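Letters are used for the chains, namely A, B, C and D, taken in the order the chains are written, and counting of residues starts over at 1 for each.
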Amino acid sequence: MKRFFTHLWLWLSLCLPFAGAVFAQDDHYRFVMVSHVGPNDPNMIWLTTSMKTFNEKYPGVKTEYLSTNEYSLQNFIAILNQAIATHPDGIAVPILNNEALQPILDKAVESGIPVVAFNIPDARPVGERIKYLTYVGGDEYQTGLKMGEFVIDQANAGKVPKPVKIMCANHDAAHQGLKARVRGMTDAMKKIGVPVDELIIGSDPAKARSIMQSYLSTHKDVNYLYSLGTISCPWVYSVADQMGLKPKLSDKGVTIVTMDDSPNSLEGIKDGKILATHNQGFWFQGYLPMEILYYYKRMGIYPLNDVLTGPVIINPDNVDQYIKSVKSIIGEDAYKKQLTW
Amino acid sequence: MRKLLKRPDLGIIIGCLFIFALFTLYDPAQWFNWGTVSNIGEYTAILGLLAIGQSFVVLIREIDLSVGSVYGIVGIAFVGLENNNVSDVLAFVLAMLLALLVGLVNAALVIRGKLSSMIVTLGGLFFYRGLIYIITHGAVTGVPQAVRQNWFAQLLGGHSLRIQNGFLLLLILGFLCAVTLHETRFGNHLLALGGDPASAESRGVPLGKVRTIAFALCSLFAGLSAIVTLTNDPETSVSLGTGMELEAIAAVVVGGTLLTGGRGTMLGTILGSFFLTAVRSEIIALGAPPSWYVSFVGIALLTLVTINTLLLKRLRISG
Amino acid sequence: MITGSDGQSRPAGSPKKPLISIKNVGLSYGNFQALTDVSVDFYQGELVGLVGDNGAGKTTLIRIISGIIPPTSGEVYFDGERIIKFHPKKAIDLGLECIQQAIGLCDNLSVGRNYFLGREPVRRILGLPFLDKKKIREASAKVVHDFGLRDSVDVDDEIALLSGGEKQTFKIARAVTFRNRVIIMDEPTNHLSVRERTRVNELAVQLKQQGLLVIYITHDIFQIHRIADRIVILENGRKVTDVPRDAMSAEALEGIIRDGSRTSTKEPKVS
Amino acid sequence: MRAAIAHLVRRHPEGGTVTLVVLISLTFAIVTGGSWLSTGNLQSLSQLTAVLAIMAFGEAIVIATGQIDISVGSVSGIGALTFLGLAPVVGSGFGLVAALLFGVLIGGINGVFVAFLGIPSLLVTLGTLFLFQGIGYAVTSGFSFAASNVVRKQFIYNGFGGGTVAGVNTGVIWALTILVVLQLAVFEMPVGNRLLAIGGDAASSFSRGVNVTRIKFGVFVVSGVLAALSGALDAAFIGYADGSFGAGMELSAIAAAVLGGCHLAGGRISLIGTLLGAFILRGIQSFLIILGVQPQWYILVVGLIVVLAGLADRTLTRLVLKR
């Protein structure tokens, strides 16, 4: 956590003094972010919004956001290959899988295209890992692990019930990031001997609710629901509520934890519907890779360490502050529109 | 008895009785539980409405693969309009007009363009989903609390006597459609067209009109199903309705309607929706591995369709 | 590959041994009896008229003989050998050609490919069977020419470009030009002009004279009475009459058909 | 003039698609200032086209008999998972054989239901689509499906999609080989004549002695094998596979076949057209990426193109069959 802030502040302090106007006008670069965060993931808007901010600062630089429609490594690689074939001046890309991406990205780097990893790192040490400049983002496994540890802490403090069994609601069966979150949660719960189930709910709301109801009606010992993405968080709550499982935060009934800093998660915490959520700094994940690529192209410098933007746990103690910052970035109006409680 | 044996929905009636008996014997506590019943009822309503629409199209030997995407786009239009301070009734009307438009476009391409409905609606499946992605940019949207509590949202999404209104709506519309299908001239035309288009035309059935109505009804039911879903739980996402076209077709066919047209019942379609929902629900409840239920839906589909086909063969032989 | 010809000499008169022998054949769809206990023999070198009203079971009987459906009871012998496996392929291999009313041509295929469908001539290249397109083209072009179809018909064009009459003529031509032993014609003169009809009837007689067995199905007793050697009448799935042509007049035979159909009104029909 | 065009189209159902490919390629090349035709893009495009085309060939063969196979997406996923799951354990040769055997097995299941039990193919393959998708999800939650460095050096792995020959992915060579083989089988051999006959009129072909059941069964097996091969080739190219592998590809494969001039009613197909159809679909995607358009527009454009291609094909056919 400390490292995260050190680097973050370092970078922000580096970025801000150079107003875009100083030299941006005569630089014509094209940076591409190839992403698996598609339109079925509400976080996409954070990435695109932050890239827009970057563009306002450097009007001469063209940025493009390319993503698959849903999680699919196969399609992702197809798009990545085609993006590389256009010879952009820099690429930002999540390392969905080391083995799959190594040959492609190493070749891109060799051909002179700088690469910045975001959202998912290559976990191997520098030297062995893919030759990207640096990594900006959180860590999916840590995200699950830290949330598990937070839950145990809170339960020990008596604020919430002790976990008996945990259900992870997974809306995308193929998404490796979600699976890593489940592994993190499972490992955290192993320490206190609590079983963790993963339920594939699919991404259609009606079907997802039906599937969860079926599961919960017989797995009555489940008292923690981990919604692995913002998208499923309101579904999880409404199902638990309809089934009379008392999801409202207290030391009884079921407790819900979720992921990401969407208005739904934040307002959910504020209203006491959700115990906690995670933020992995999606705004930074969109913005910083562009800055890093720009600095690299312009001056040949780049941070030698990874820039960790998360995980950060958002809970009732810090949620108000957080809501303010979110509103300042995406705007009051968009914030309200995305709210589905 | 002979009359019963000749019903196209015999297979699904047996299937439903079978799972009913099986689940009753195996897991009565879970099965006779209001939570389970209302859960199954809720999704049966959504799937059933989609499937009723699909039935009309399947009965005339066509298919509509676009219903999942239409469900999505109509739902998103409905919520989007409500968000822009359009009153909910007006939003409903406009969203349903959109559905109607989609149905008419499908019908026009099939009739005027003389295209196979599979091509037309496969195109629609892609097109409307693409439109959803582009319009929403991936944003999840909901409707304000106030709108959700008013009478209209309650009418479609609320409960009466602890039963979802959506489910009641399914029963009412299912009954009306069954009457339309078996007791009216339009229904007769529809079945004739499905059974033998050439003969139907020679007997003066207005083929174009019947086809147009069938496609329009299919899209309208898809839209209605989406709105029922969203008044109950008003959250849209780009994946709203993905893969629903396949489930709807599965429900229709499991319910005994022939893909070759002209034979089928609305009761069968509703029971088909119930069957798929109930089986999936029980499989999850019984603790099947988390992703295996996808496979079980496939197996259920194969089994019932096989039974239906074999029954039909026996029937054909016995004249 | 398959020529249908067994190289045997074909005497003009009827030999003692039947070529096709049908013994007590029955066929039922559930509780509907399409054929009941039908026994009939067909001999080489004769032209048999198979007559009956709609739904009498003519087409069903033909479908059994040409291997499309197996009977539910009874036996079928071809050239003294009992048929166990019913499949059109087997019938064609035995030298039996059936010209059916509705089916027999695939609209999407070219004239040449339709001509040889099911018995395509091949050239072996590296042991693999490749279509001998030259042979297909030449053989089918000859047939088209011999049977007086339009000169503009290109054998590489889809058969869908032919008119109904042309298609019927082509089917007959196909059945005739392969050297077969049995030709079955199911209502061959439907859709044909008067002149074409005469030609078909002449052809049936010619084929018989060449020593083939010709089974000619029709409901027009007067037409068949002029050319057939023997008339078999089916009614409600039963054989009611089996007489040499000279034994009864066409009018008398028509009477049998008319009387038979009066009792059939209660039974469901099979087309 | 019209007769001449009609004649041309009659003999070459893919004529429309060829014209479209030329037009699209020219437009794309000009609009992108030549970068659509860059070596890098063509390399990536050819690999993508090959994988989709192999699947679409199988689909086209099924469509030729008037059936449809929508399980191919799941089958290719199973093929990919089997190949990469077994390659590190038993070597890529056996892995590949196992993957293809699974293709045969699933194709065989489809074939039994369709050909022997007479159940509509749309439903059967819908069932197997769900069935094997679930199995794909289930197996990927416990095992790893990545090509190790040892596997990546194996000859078979490189020969089946993992490597390149003269800058061209080996998958492309397989696609072309399969195209030649199928083209010969469908248009130059008796079996192809019978296959098309079944699609045109199953009852007539049966009456001509064609073994309809066996051929219907056979096309599903072929489709299954090709789908599994297509999955294995792409998995070897990527070096990793997950549960989403092949998801949704069935619709692209059908779209490629329709674009290529295959009639869904059966009896009239073009394999060269199918290859070009796959090329168009993939080409549009790369075109949009070069323009910097979000790929979400892609499926919208695909939807439009499928319908427009259907309309164009319809017009051509009407022209052709006018007497």
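Points to keep in mind about this one:
As a convention for this text, contacts are C-beta pairs under 8 Å (C-beta built on N, C-alpha and C of every residue); 3 or more make two chains touch, one makes a residue touch a chain.
Note that this is a predicted model, so its numbers are computed, not measured.
Compare each chain's C-alpha centroid with the centroid of every protein C-alpha atom shown, and the nearest one belongs to D. On a Cα centroid basis, the chain most remote from subunit C in this structure is A. One simple way to say how far apart two chains are is to compare their mean CA positions; for subunit A and subunit B this gives 36 Å. With centres defined as mean CA coordinates, subunit D is found 30 Å away from subunit B. With each centre defined as the average position of its C-alpha atoms, the distance from subunit C to subunit D rounds to 42 Å.
Computed from the mean C-alpha positions, the centre of subunit B lies at a distance of 48 Å from the centre of subunit C. Touching two or more other chains at once are residues 137, 141, 243, 294, 296, 299 of subunit D.
In subunit A, 38-39, 69-70, 173, 198, 200 are the positions where the chain touches two or more neighbouring chains simultaneously. Residues of subunit C in contact with at least two other chains: none. Note for the complex: subunit C touches subunit D at residues 66, 68, 87-93, 98, 100, 102-109, 113-114, 116-120, 122, 128-131, 133, 156-158, 160-161, 163.
Interface residues of subunit D, counted against subunit B in their complex, comprise 68, 113, 117-120, 122-124, 126-135, 137-138, 141, 243, 251, 254-255, 258, 264-265, 294, 296-307, 310-311, 314.
Of all the residues in subunit B, the ones that touch subunit A in their complex are 30, 33, 35-36, 39-40, 42-43, 46, 83, 132-133, 136-143, 145, 229, 233-244, 277, 280-282, 284-287, 290-291, 293-294.
Contacts from subunit A toward subunit B in the complex involve residues 38-42, 44-45, 48, 69-70, 170, 173, 197-200, 202-207, 209-211, 213-215, 217-219, 230-231, 234-235, 238, 243, 262, 264, 334, 337-341.
The part of subunit B that touches subunit D in the complex is made up of residues 63, 109, 113-116, 118-120, 122-131, 133-134, 246, 249-250, 253, 259-260, 289-299, 301-302, 305-306, 309-310, 313.
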